[in-house]
């Protein structure tokens, strides 16, 4: 139980609520963004070790001492990738919304139900 | 020997450069694009070959110069290369399929497509969980973008829903990955073990696996996928359905080792549920691509289930089952989606435009049959082995769900097929596109290649068992010949085939050999009347006849079942040739398939056979378990049209082409009889404690009586004969079920007799139909004057049916009643008496309505049936007369056959046959009858004086004259009073039952599919709820 | 030589049966008339009628099946009769019973029905098929109790052989099936009503609805043959019933045996005559339903009684 | 309404059954995992990059990064594909304000310079190709805001070739060093200096360029059209 | 030459059936009734004896003419003791009783029924109306004399004749039959054209063959 992860999960839940209840497409995408942010927080929190510093070997962190001084670098690397992917997905979703709005002049998700059953 | 990493490198390099290359010329970019795709295929094919045939060890590729888990590694083994080979192939051919579009569309589409294929390759090869996430995203994002390939509003909204679902799933995936890292300290699946996870840690595994599972579109969290399938361009959607699914499925396969068993079982069951429900919901679907979507989802569910269920099976079985389903799904789904791109019509009933192109129609058939698991395509073998496996591991619930799902699948696939082949062409025929046809044909070739490989290499079937398929191929090649030539060739082929299989190991085989082969050969003569080319007819006819023959020489369950399925499919196709046969053939196929599935399970329950002798012999020493007996009996009784499952029978008989009906009735039904006899042979020695055959016997006699009544109430001559067949086969079934000497003698006697008189009757009716162009008996009448030869056939035949002495029918009746009474089946004998009395009703009806009474104006100038119809009729009549006058010709051999299993209960003394109850001397009866006939005839000739021949209207008519032949001919609703007397018993309850079963299923399907509201948000909700539910069910 | 003697015997047997059958018909007509309070025609009237019909100068034929129909019918009657042993142990009246058992006889009954149906059908008159449809339907209905009774008898005597069945009933009147298996006899006697086609089961000939039904076009000698057959066929049926249920006819003296046969058949026939004289006609569906209800139930009881009690 | 209730139920269940146990049962690690430990102790020796995250991102998990770049790339391509070819860019009703114009022209070189700095020093300091690329793209955004038209082809070429070279350098790793994307095709140099850590600065620069141009591509694609 | 003659003769033997529409002609026999000679003397006497004792009636009653036929069947008069019985079809009947007036409409049915009976056949004209028109002698739509249209063997006069008279008439007929004097069938065949002419004069809507077999 740690604060960042709690916050992360909270954001995931908030984002999910937005995704599930908001009718506006943009808001749904915002919901996704919130989820994404939450997930990133969770990832970061996983790598965190109390009282340690960033995994950059410089004057304060010697190579020999690194193992005891730095936080886990792997989640940091992962979150970098995750952020970029999240960005790409968000951008693509927004583009879909733009196209959908251009075609149907509506931003409500309820107006896009012609395919069903 | 190029390292597979170059697939990624080259794809990316070219992908990045593609837009620049395109600035110069589209041709260059296209060349580069197709070059890379071909390169992928070649590299993987090379590796696949090495793994499979040269035994090269699995290849591991480390990146960044470090070993896993420090760096990401890729792995290429035989499984990976197998999956990749086919995904890349499909990718390449889908690209070829899309050639025209790629030529015209934005360069980005090429890039996206290339990267998509790259993503698939990476996803399959990588061993690192986070890397999987990255590749999954590459795959997803390129797919999301490509969904808008058609740039329609629908595809946009479908794409958006797809994205919503995709991001939800990938969120879970990401969470799963990082928590797995948290617990295991590792991201490489080779270094992760299930044991590293604490009780709560398995939540991480759950999140990972459920994310992948949702990507596999489980029911009901799969609405988004359906929308995508429906809306997106067919070329792209084939990639989504096949390539993407394959990659993700492989992903699932890769993580399977780290998942706890309880997860897998739940996923397996969820897969089964997906399969069942997807196929069920597809029943209501009219749109081709959405239908295929449902089917794809179902297939993937089945694949997941089979992956899970085969986990502990021997390696070669896993390959056959999972590989079989995989290949099957891949080829047929891609093929069908491509066809949908060629057809360009949304509604399945518009697919009949395919009839404009013969080879496309054949391809369509191949894909559909492959998808439906019809032999010889891969799905059939996979299903057979899966059923065996499930039975042995006692997973009966999953088994029945899978079979039910398969049945639903058969229903909608074959409905589609029959609609395509039969309905009137309304839509306009599109222009055929060469690149599309090329790609699609290629898949057909692969499907056939695989079928051949499995049959020849895996199972090692001898040529004789492949012969039915070869016959189709050969006849297809010489299909340009006129039908008479093909007919004669077929006749020769059947005779040669009969000669080839002739030396049988037992008499019972010889007996059925005569029924199947000689009967068919004589029946073929009637097909010689066909004019024109009759394209495709003789191929399937030969396939059916060879299947009959193969049934009796089958030495194990699989050979038998394979042959059985060949028989079913060929007869289905023959029935389908009838003008109005769409519904009838569909019903036949559904019932046959249901029966086949029961048989499949029944065989799976049966103990293994020893030795290499035909089933007829080897089954005698095998104790079939009760469940096996029940299932097999039901399966065979469906084929022989027993009460309750008979409703396919009249439809199929009536709607089939005139000369096909005789095959179906006279010979095909005997296949069911033969099957039941097989069960009986085991029953003789090892009767189970619960006497199931007692009830089979009851069903038999009830079939006899109900069939007789139904026949009496028909207006359609062929339906009447069909119900008559049902009734007669009911006798046979009951007699077999007695499992006594006399019972079997009478059953075989009746079977032989029925083959002859029913062939003769159907061919006679075929001749009449040929002349009158109607099957409604009340539209005929008085034809005795015009078609005396046909009349004599029908007369002799109906006497033989009715059991009136002195013809052979009486022998059957005498044997059967004696058998029943001495076996203690008294009430059953009473019912049979009733049935045989009722049979007079329909027999009189058919002969009177057609031949007697009033000749119609339009038939005044009608001629006798063509000689090709007359010849076989009289051959059969000759047979009937021969065994009537000399019953010993048949009784003695049959006695010997039955004595093989029982002690003899009859004594044959000269021409007399004595049973413990009574006696019968066919010869004396014949002589006395002749005498009793001739003497009154002479008396009459002596006394009659001047005889004035008059015409049909010279009748006393209450001092009036008849108005017209139509109003004077009493034929319509002839037994109305009987129907009235039967009251509520005359209601078509069984028909109503099946009808409402069908209605209910469709209504349920309609009800359930309303969960797919079309709202992307709801789909996300489905996913979340599904995750929660699965989580609870798994009890993580 | 043997064959000629056999044929000779058969001819004698047939003649006796035919004459007796026709006489019975005459007696029945007389009885009917007496019931009505009339004198009625002479007992030999059926013979006169047969001569009269045969002496028609012109006969109308609708085709070869029409021509052969009556022949079939008569052959059916002859065949039925010829496979029934009339008198136990008699060579003359033993007929060709070595040809088959009761099943053969039962199915030979159909032979004539079918032939007649075909012949009448070719006549082209609408009433013929109507009558035949009724007749066949009714036959299928009364065949049920009859066959159940036969099965019951077969179980009882463990034989389908008529001679064996008759033999088993010898000795005492109490050995008759009538007393040993009354349920079967009741069922069979009810179906005899249908077989004979007297009221209330006279739906085939039904003069007021479909004037005499199937043979409406029959005339001249065709009709004559049919009339002859009526006598023979009636006799055959009655003899079959006598054999199966009423102890048959057995006496060392052939004349006495014949007398026994005549008396027994007379009374069996009287049963259906009495019923016929006192009931109006059923509608077809009532008739079928009747046979499929009570007599069938009795027949099933007869089987259950014999087989399981 | 029922959907709202179901959503609530779903989320509550998800939170209560799945998220809560995970949250409660995953206390912070107190030491590095073996793998992280390896990176911490061996990373500097292996690759010569002080920033371990960069070492992981660019080399150890270089395939991820390549994939990540690809994701961005196909997102750009997808957006371009979706939005279609621009016929004519929209012209604003009124030109950008003078403040914006001047500010943008002033800030643009600085921003780009800053971006370049970030990705060049990716192996030494926090930041790297992605961050730098984003900074560069934000500079270009300014340009778009003041409606200064640059030929998009420049970015296109830049994007294509930076990606291509990235892959090529990666592939060179197979030939010259241990494997695909191995940074040791160039000498590792002095630890902690800018020209060290083998090909990492080079790769990160290419990534930075590529990310920047890709983001520009997205911005371009989303611009209004007449 | 000879052949042609034969054909012509055959053609003459056929009836034209001109009253029928073309397509119906094939449905009716076009044979002409011909004379059939009796058997040799003793045989004929024997069969005549039987014929006389087995009279099968076909009753044709219009108007009140047939009312007195019913009592004949009842216990009071009971003609069945003379071997007389009704038959429902002309095919099997040998005696044709025409009771009551014969209107233009019914004469067609009378002719048809008569022709459909198989010879030897006997006709009894019952009542005045049938014999000479009776009270309807000047009606516009009845015929006066039935024997212009079919040959009659016995006339039973009266209006109405009592059952006793009928029985007497039957006895008269029996006597005539036994003597071999009733040969209406051959008379009709011999004078076929004359009878037909008379019939066609009366019946305007002739929609049947010339001879109803």
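Observations, loosely collected:
Letters A, B, C, D and E mark the chains as written, and numbering starts fresh at 1 in each.
What we mean here is this: a contact is a pair of C-beta atoms (placed from the backbone, for glycine too) under 8 Å apart; a residue touches a chain by one contact, two chains touch by 3 or more.
Please read all numbers here as calculations on a predicted model, not as lab measurements.
The chains touching chain A as well as chain D are B. Of all chains, the one whose CA centroid is most distant from that of chain E is D. Chains joined by the most contact pairs: B-C. Between the Cα centres of chain C and chain E there is a gap of 36 Å. Chain B and chain C, compared by their mean Cα positions, are separated by 53 Å. Rounded to a whole number, the gap between the C-alpha centres of chain A and chain C is 98 angstrom. The distance from the centre of chain B to the centre of chain E, each centre being the mean of the chain's C-alpha atoms, comes to 71 Å. Counting only residues that touch two or more partner chains, chain D has 3, 7, 10-11, 14, 22, 24, 26, 29, 33, 35-36, 39, 60-61, 64, 67-68, 71, 74-75, 78-79, 82.
Residue positions of chain B with contacts to 2 or more other chains are 130, 134, 137, 141, 144-145, 148, 179, 181-182, 187, 945-946, 948-950, 952-954, 956, 1017, 1021, 1024. Of all residues in chain E, those touching 2 or more other chains are 36, 89, 91, 213, listed in ascending order.
This structure has the following touching chain pairs: A-B, A-D, B-C, B-D, B-E, C-E. Residues 12, 16, 19-21, 23, 25, 28, 32, 35-36, 39, 42-43, 46, 74-75, 78, 81-82, 85, 88-89, 92-93, 96-97, 99-100, 103-104, 109-110, 112-117 of chain A touch chain B in their complex.
For chain B in complex with chain D, the residues that touch the partner chain are 3, 5-6, 8-9, 12-13, 15-20, 23, 61-66, 69-72, 106, 108-109, 111-112, 115, 118, 122, 126, 128, 130-131, 134-135, 137-138, 141-142, 144-146, 148, 151, 179, 181-182, 185-187, 198, 200-201, 203-204, 206-207, 1017-1018, 1021, 1024-1025, 1027-1028, 1031-1032.
Chain B contributes residues 857, 860, 945-946, 948-954, 956, 959-961, 965 to its touches with chain E in the complex. On the chain C side of its complex with chain E, the touching residues are 29, 33, 36-42, 45, 48-49, 51-53, 55-60, 207, 211-212, 216-220, 223.
Within the complex formed with chain C, the chain B residues making contact are 782, 784-785, 795, 798-799, 802-805, 810, 813-814, 817-818, 821, 824, 826-827, 829-830, 833-834, 837-838, 840-841, 843-845, 847-848, 852-854, 912, 916-921, 924-925, 928-929, 931-933, 935-937, 939-940, 943-950, 952-957, 968-971, 974-975, 977-978, 980-981, 983.
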